[in-house]
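Chain lettering (A, B, C and D) follows the sequence in which the chains are written, and residue indices restart at 1 in each chain.
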Amino acid sequence: MRRYSVILGNLGNTCDRFLSSGYKEKPPREEMVRQAASIPGITGIELVGTWDVTGQNVAEIKALLGRHNLACASIIPDHFSRKVWGLGAFTSRDAAVRKQAVAETREMMDVAVELGCPLINLWPGQDGYDYPFQGDFLRAWDWLVEAVRECAGYRKDIRLALEYKPAEPRTHSYAGLCRAADALLAAQATGCDNVGVTIDVGHAFAAGENVSESAALLARHGRLFHLHFNDNYRSWDDDMIVGSVHTVEFIELLYWLRRLEYKGWYSMDQYPYREDGREAIARSLEWLLAFEARIERFGMGRLSQLVDRGLAVESTKALRELLLGEDRP
Amino acid sequence: MRRYSVILGNLGNTCDRFLSSGYKEKPPREEMVRQAASIPGITGIELVGTWDVTGQNVAEIKALLGRHNLACASIIPDHFSRKVWGLGAFTSRDAAVRKQAVAETREMMDVAVELGCPLINLWPGQDGYDYPFQGDFLRAWDWLVEAVRECAGYRKDIRLALEYKPAEPRTHSYAGLCRAADALLAAQATGCDNVGVTIDVGHAFAAGENVSESAALLARHGRLFHLHFNDNYRSWDDDMIVGSVHTVEFIELLYWLRRLEYKGWYSMDQYPYREDGREAIARSLEWLLAFEARIERFGMGRLSQLVDRGLAVESTKALRELLLGEDRP
Amino acid sequence: MRRYSVILGNLGNTCDRFLSSGYKEKPPREEMVRQAASIPGITGIELVGTWDVTGQNVAEIKALLGRHNLACASIIPDHFSRKVWGLGAFTSRDAAVRKQAVAETREMMDVAVELGCPLINLWPGQDGYDYPFQGDFLRAWDWLVEAVRECAGYRKDIRLALEYKPAEPRTHSYAGLCRAADALLAAQATGCDNVGVTIDVGHAFAAGENVSESAALLARHGRLFHLHFNDNYRSWDDDMIVGSVHTVEFIELLYWLRRLEYKGWYSMDQYPYREDGREAIARSLEWLLAFEARIERFGMGRLSQLVDRGLAVESTKALRELLLGEDRP
Amino acid sequence: MRRYSVILGNLGNTCDRFLSSGYKEKPPREEMVRQAASIPGITGIELVGTWDVTGQNVAEIKALLGRHNLACASIIPDHFSRKVWGLGAFTSRDAAVRKQAVAETREMMDVAVELGCPLINLWPGQDGYDYPFQGDFLRAWDWLVEAVRECAGYRKDIRLALEYKPAEPRTHSYAGLCRAADALLAAQATGCDNVGVTIDVGHAFAAGENVSESAALLARHGRLFHLHFNDNYRSWDDDMIVGSVHTVEFIELLYWLRRLEYKGWYSMDQYPYREDGREAIARSLEWLLAFEARIERFGMGRLSQLVDRGLAVESTKALRELLLGEDRP
């Protein structure tokens, strides 16, 4: 069965570059956890390293999650929110920074084990470049692959998932962290089986990908490790409520995840700047569960037949029946 | 009540730059008309001047439409498919070409009257530019406004609607023919009440517009005259089956068209390159009618209340109920 | 002659949603002003209301600018960086917020007069919407036009310029603040001659506009009041160094600004997140001045002849000569 | 030294979906070859299989090229312009069509050998899908890899290069033919050393790639086999004159191609719809040669130092000097 989690920070405050204080107030941590646990369908939490969990407070966090019956789905080491990473973490031209990025990742791998968490989600958002003649494409690739290999080799009982994103905060992420296929190449290049890829659905939309095809590509190479869910208008990572903009794409993705036998978490990753965090996440769950119900009712077999035949007018008709069946003219 | 039409050529063959013969065979005209008439919901036809109707064959076409009980919703003069227009029609640097563009439009206005058709849809797709330092923005604006004014003044009993599109076949359409707001400015600049704007939904998507807001902007200025329906992936004018990609956007648009009391035709404008034309149009009608049924069932009043309040989590919840109501978790 | 200014905050610290503390340290205000004044070519400053100047400190700011021989090119009232504006300023559904937005604008108009500044740049970035069924397009248009009219009528000796931007921080700006043509419509709708439009070059790129054509459209309607310069990759408002990405587009724009006899400021508006602010602005000035030198050397007459003829291969050849003349093969 | 070629059809007529007769007249083949040979810098020709060369006319074509001192740089089998390929060539659901696609490729490999041509450029543009629930991502990947492997194994003395493109004529190309990284994965998956990738610069722009980074990624994996040059506005494959839109990107790309020691052809691939073909290609050569001259004068060493240091303000300054050195303020 599908398991749903949420990044804890989604329940907190979120800022942008124009309103750096954020649009809301940040509740205390326990309140955020309590709210997460209260969302129907949510059984796991994704934590950001340093913000939410450290080597020091791991026992406390474990107890907190336990009290609320929440699993730890993943830990995201903070490779993006401190000035030290401003010019890159794993691909910084400063060897000391690269070393620190690896060290902090390893620390979070230990923390993950203590929390019974199977996966580290790597989103080193600063690992990119902004200007022409700024990116050093050859060294960056090597630095990235080496660093991830060093992390992956540290302990094999934890999986590492590279979360790709085409841009932001840099104007360009480096290849290996940019799109599904290059992240897959980077994962393969480490030579480690415990390195895979995270699809953030909104990142895939912004990259111009068909997210279902990205899932298929990664899964058939055995590297689809984790999923982040949110929605946007395809041109930017708006981190909106799942299903608020896209309909058909989510149905197709959920179909493929079943067919590809994806076993990982379905984790919510949103920025409800001006919305109540709990409500925004709850809406996402409602859409996802309703889509799943429709897929089940319509039947995986019938959907696979459509894919098998690949006839546009037939597929479109079937989708309308799936969504609006009782309103057949 | 809403009236639905289809551009006759949608039932024929369609080519692209790589397969100039087209992917299918072109049926005889009467067969295309017969097919159009057989699509549940279709009661009107949009004709392309020169291709479908001329000053010479108008009686014959009138009889043909009559036999099939089809109204003529609009005529689109051909300002795009002949070499004479290659560097522009209304904005050609050649005065003789501009004059011809006006003359052919006037001829089609006469034809429209004979067919009982109220509207000429102007899509002078070659009126743009491709390269830097190629567009003459000041003269093009004047030429466009003057030419349309000359047409509009020819007879006041026919409405002219400017169909805007950001690009293709030129890399840039000139302002006045590019986006909703500039087309509105151009229509106003003619000083003629019988000049308005056509929204082609796919063009609006490709222009990065929120098509509902474009409709509202045009309608509140009294210039929303006509609508073309198709779907795409927002990055190009793919001319696909309505509803095959977008869901929420169509529901919002249909809501606004009711609220804005739009009285014109809902006309299908697709390029079913590899699909059976009749089937592709029939699918579009099915989606549109099903969306309308949902809007009615949910209630215009409730939707207007959402717009009135503007609360994201509430609007998203309502949309899920509208679409997937019975699958509320 | 062209006059160049810079938004004071460009010399300070800049943050994004992932690194809310910013990538640098913020220098004291006088140091920022000193740095701005030291950039060759810069003779004016653009201030943000509340951040940089208030009704209380205006005499102090006037003295500060005087000491550094800097004119005040424009004031940007803060309609974006406080929680009160989170759901909109001029188009807030809360009448008290709309009233406050007008009142603060008027206060800044008085401040402008005291500083000898001719223009208020309005960028109410929160005046938009994020989700489907959230935007109230009809009321928002009315509220915007009314509010700007109220400001404009307050004193006719100050010009107001609407700075449009398609998105960010909202996923959609409302029409009237979204693209060149709708901002022009809104300015006209106020019925006030002292309301015009600001083109931020990066916003125009992100909107998919040909910025030269936008300038021509606004200027021929007498409403091109102000300009913000920066660069980006067309898909987002990256606020980069001018000329770092685009070359031909800037040359075409600078040509048109001369031809359109634009008399306003050329104001730098960048976010040098990871760069030294003074250096980043200095690079922009160097590019702009070098482009201008090339335009002068090549000759406005020859460029106008290209536009007059509109021949792609000829225009492209001329551009190469303008840029790389001595390397003619 | 760099070698420049052109696709023969660029000198002919080009059509689009609105003007299927094309904007010009098609000259006789020998005239097209003569024109190509007359463009300063051009020493090679790229031919389209079936259109330009077949198993039957190969001796004649060889003589023709010989008369004009032109090498055959590459052959592009026609997998796109006939109705048989309408629903795909290598990934057609019809095994007979897939077989034919392989057979025709092999025939062209034999032709290539006869012409002394080292490379087959594979652009099976119909190998994609248009609608949701139409693409069969798993089977398409297998079919593609198998088919290319069958071709590659036929003779090892000919290299095969996969030309990726995100869309057009299908709304989506299948992974393996869509972006640089997935084409690389597909090439690797064949297990054949004589399979690599073609970068069409305009396709890379349209895919949102930094084309320099794509070149680096492919070259470091030993699979950058061929290059097509043209320009566009990043949103579509406009196939314009090289350098007419982008400047900095081409300089960065040419730098990287030198640094990566790319040995293949620089082949022009344009659609000069409304322009004289010879003139349009000649302009491209002039830009490329002028850029190369600037790179040489500025110095590869200095450019590599910029990349090594990765400092935005320094790189931007250097680029201005490279382009506009004598206009330093």
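One rule holds in what follows: contacts are C-beta pairs under 8 Å (C-beta built on N, C-alpha and C of every residue); 3 or more make two chains touch, one makes a residue touch a chain.
No experiment lies behind these values; they were computed from the predicted model shown.
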item	value
Chain whose average C-alpha position is farthest from chain A's own	B
More contacts between chains, A-D or B-D	A-D
Centroid distance [mean C-alpha coordinates] between chain D and chain A, Å	35
Chain A and chain B: spacing of chain centres that average the CA atoms, whole Å	40
Touching two or more other chains - residues of chain A	87, 130-132, 208, 233, 235, 241, 244-245, 248, 274, 312, 316, 319
Contact footprint of chain C on chain A as seen in their complex	14-23, 80-83, 86-87, 125, 130-132, 167-169, 171, 232-233, 235-236, 238, 240-241, 244-245, 271, 273-274
Chain A contact footprint on chain D (complex, rising order)	87, 93, 129-138, 141, 166, 172, 174-175, 179-182, 184-185, 207-208, 210, 212-214, 216-217, 220, 248-249, 251-252, 255-256, 303, 306-312, 315-316, 318-319
Residues of chain B touching chain A in the complex	40-41, 208, 233-235, 241, 243-248, 274-276, 279-280, 283, 285-287, 289-291, 293-294, 312-313, 316-317, 319-320, 323-324, 327-329
